[in-house]
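Following this line, the structures themselves.
In what comes next, chain A is part of two complexes: it sits with chain B in the first one and with chain C in the second one.
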Partner chain A sequence: MKITLITSILLAGILTNNMVLSKFLGICPFLGVSTKVKTALSMSIAVTLVMVISSAVTWPINYYILKQEYNYLQTIVFILVIAAIVQLIEIFLKKYIPPIYKALGIYLPLITTNCAVLGITLLNVQNEYGFVPSLVNALAAGLGFMLAMVLFAGVRERLETADIPVFLKGLPITLIAAALVSLSFLGFAGIGG
Partner chain B sequence: MNKNLKHLTNGIITENPTLRLVLGTCPTLAVTTAALNGVGMGIAATLVLVCSNAAISLLRNVIPDKVRIPAFITIIAGFVSVVQMLVKAFTPSIDKALGIYLPLIVVNCIILARAEMFASKNPVVPSILDGLGMGIGFTCTLTLMGMIREFFGNGTIFNLAITKGHIAPMIIFLLPPGGFFVFGVLVAASNALAKKNGKPVVENLGCENCPSKAVCDKANGCQQENGGNK
Partner chain C sequence: MFGDIIFPVIVVAIIGLVAGLGLALAAKFMAVPVDEKQEKIRECLPGANCGGCGYSGCDGYAEAVAKGEAEPNKCAPGGSAVAEQLAEILGVTVDTTPKVAFIKCKGNRELTVSKYGYEGMMSCSAANLLYGGPLSCEYGCIGFGDCYKACPFDAIKMVDNKPVICENICVGCGKCVATCPKSVIELIPKGAKIKVSCNNKKKGAPVVKNCKASCIACGMCEKACENGAIKVTDNLAVIDYDLCTACGKCKDACKRNVII
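Right after this comes the complex of A and B.
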């Protein structure tokens, strides 16, 4: 029972309900930082890390403190918790694991205002996931984000050399390319129930 | 007075937040499956934008520079919670349609960008007008996009049947790829119009106007893009 739930959350997060391509969360980094495969990869690792830790912290806060009667405070509490967590992770990595800080540190401030992180904590609450499913959901969403970012970085590297009509140059063609990538992800619909 | 009017109209066309500044793309793509949702999202964001711009402008001399971003986010989150409760109480159907995108107004970069670029440097009245103008511009684009997607995807506009029952709807317009596609075409159209009027063309994501531009530049994301933008 539990394993089927977890597999279905994993499959949904990565393929069928991909955060970027079907939920439109984290579009800014998706379009802004996906020009190179390497930056896309580092950014998505940082996002995954922050999402999993934020889910682990916001779940008990929501379950034990906010409960039903204070759920109007969710938005404000969650965003503050996320902002604090991002700061703490930054400080921690800087002090104890400098090589990782060097690789990912630069992306951390970008993540506070990334709707993907707040979005995933809110989705956990909305779907009434327990603690473990929440973490799995965050991990799956992060992996889905990574898949979309890396795939799209590959597409964009191709676009650089393509001959594009003048009026579509730049952002419009990027969005249309995203539409096609998103279309291909529709093919996964139905997997994992 | 004329100058104040300019603050208001600035956001509607010249600096339209979605099409010219390219900020707040997430809600633009996500909620515009129907025109009415676009209007709802637009009005909710406008309310938050006006209130937060006013509050931040009033507090601009009090908030220390170092903690200004967290302070702005807290103020914005407060107003978002208020709007969330109002929507839930008075228009539950819109609340259902917007789902998690309603609380996600907190991280809508239009609001933080206007707080950082305008409200924290200007007096109250221009800040309110700037917020109102930006909000109206955002609402207009969202409504337009909602109308296009609803028309092609469902054959209706504002739930009024236009081609419904006569032409089979193209459901793809309501699905995520349709969102990306319609937005891409709209940006292309607004670029064509801008070019005709001798205005600069938007070639990349709204990095110039994004509150996290400095970080992105260092991350080599936007820098790369700007390198290609002559």
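Right after this comes the complex of A and C.
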């Protein structure tokens, strides 16, 4: 029972309800940091990390402090908490794990107010997930984000060498490509959840 | 009243306070000491991040200089002014002669004999892969402008398939030197009056046949020079700028008009 729930959350998070390509959250890093596969990967690892940790922190806050009564406070409280956590992670990494800080450091401040991170914590509450399913959902959303980023970075690396009409060069062709990638993910609709 | 307004205010205030205090404590206890020298050095650097110094960018170079791993005169865009500032911070003296890039080749489509008709990618490194390029001199400039594309300061212009370096703009970062597949570009002291504009390391008849503007290693310049500043090494005249007084005698002695 539990395992089926977890697999369905994972499948839904990565493919069906993909954070970027189906829910359209976190579009700014999706378009901004996806020029190279390597940076896309670093960014998505940072996002996944922050998503899981902030889910772990916001869930108890919502469950024990806000409850049903004050659920209108979710947005502001979650933003506050996530911003603080990201800063904390940054300071922690800088001090204790400098190599990871060097690899992810510049992406962490970008995530502070990322809508995908806020989105996943709010969705956890909306779907009335327990603590563990919340974490799984956050992990799945992070992996889904990573999949979308890496796929799209691959597409963009190819676009660099492609012969594109002048009026479509740059952002226009990127948006068209993003739309096509998103459309292809529509094929997963209905799987897993 | 209490439940509707005051409680939410207290909750948000407390969470904010806890987060703020947590961050303040973290910043205090997990602070990473940054070398003061490094920050000072970084402030002096121009911030072009050109990579001419051989480090990842101005930050990387500042770190290396602060640790004593790099010389303070490597910053080409900053030139002697920055080098002096850095030397002052470090308390050392440095050699601050500014350098500029110079193309050691006079050859072009007319002066140099063509080897074959090239119709490939217009890039020196691509052409170089095909029997060393379309010109018969295997040491000379190919003229497809790889250096022109590499220059971060727009100091190189292409005139009649030949790169021309604008000495006033060139900061001597050395990007073109690294890019040129023929290694025909060299960094020389800025304002040098005497230059050898040939890179051909062969001598005699084949060199004369291949290019009208080539050094044939006759050694006339070496004999003409009173200071021993010009030497023929590897069949090519090379100037030692520390000894050269720019008297111009080698220039007059050169039958091939290679010394300019």
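As a working rule, the second predicted complex is superposed on the first by the 192 of 193 C-alpha atoms of A that agree within 3 Å, B and C clash if a C-alpha of one lies under 4 Å from a C-alpha of the other, contacts with A are read in each partner's own complex, and residues count from 1 in each chain.
Methods note: a contact is a pair of C-beta atoms (placed from the backbone, for glycine too) under 8 Å apart; a residue touches a chain by one contact, two chains touch by 3 or more.
The structure displayed is predicted, hence computed values, not measured ones.
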Partner chain(s) touched by A:L171 [first = chain B, second = chain C, both, neither]: first
Contacts of A:I76 with chain B and chain C, given as first, second, both or neither: both
Contacts of A:V57 with chain B and chain C, given as first, second, both or neither: neither
Which of chain B and chain C A:M43 touches, first, second, both or neither: first
First, second, both or neither for A:L186, with chain B first and chain C second: first
Which of chain B and chain C A:L5 touches, first, second, both or neither: neither
Residues of chain A that lie at the interface with chain B and also at the interface with chain C: 73, 76, 80, 83
Complex contacts: residues of chain A adjacent to chain C: 61, 65-66, 69-70, 73, 76-77, 80-81, 83-84, 87-88, 91-92, 94-96
Residues of chain B that touch chain A when the two form their complex: 22, 25-27, 29-30, 69-70, 73-74, 77-78, 80-81, 84-85, 99-100, 103-104, 106-109, 112, 172, 175-181, 183-185, 187-188, 191-192, 195, 201-205, 207, 210-212, 215-216, 218-222, 224-225, 228-229
Of all residues in chain A, those that touch chain B in their complex: 21-29, 31-36, 39, 43, 72-76, 79-80, 83, 106-107, 109-110, 112-115, 118-119, 122-123, 126, 160, 167-176, 178-180, 182-183, 185-186
Chain C to chain A touching residues, read off their complex: 3, 7-8, 11-12, 15-16, 19-20, 22-23, 26-27, 30-32
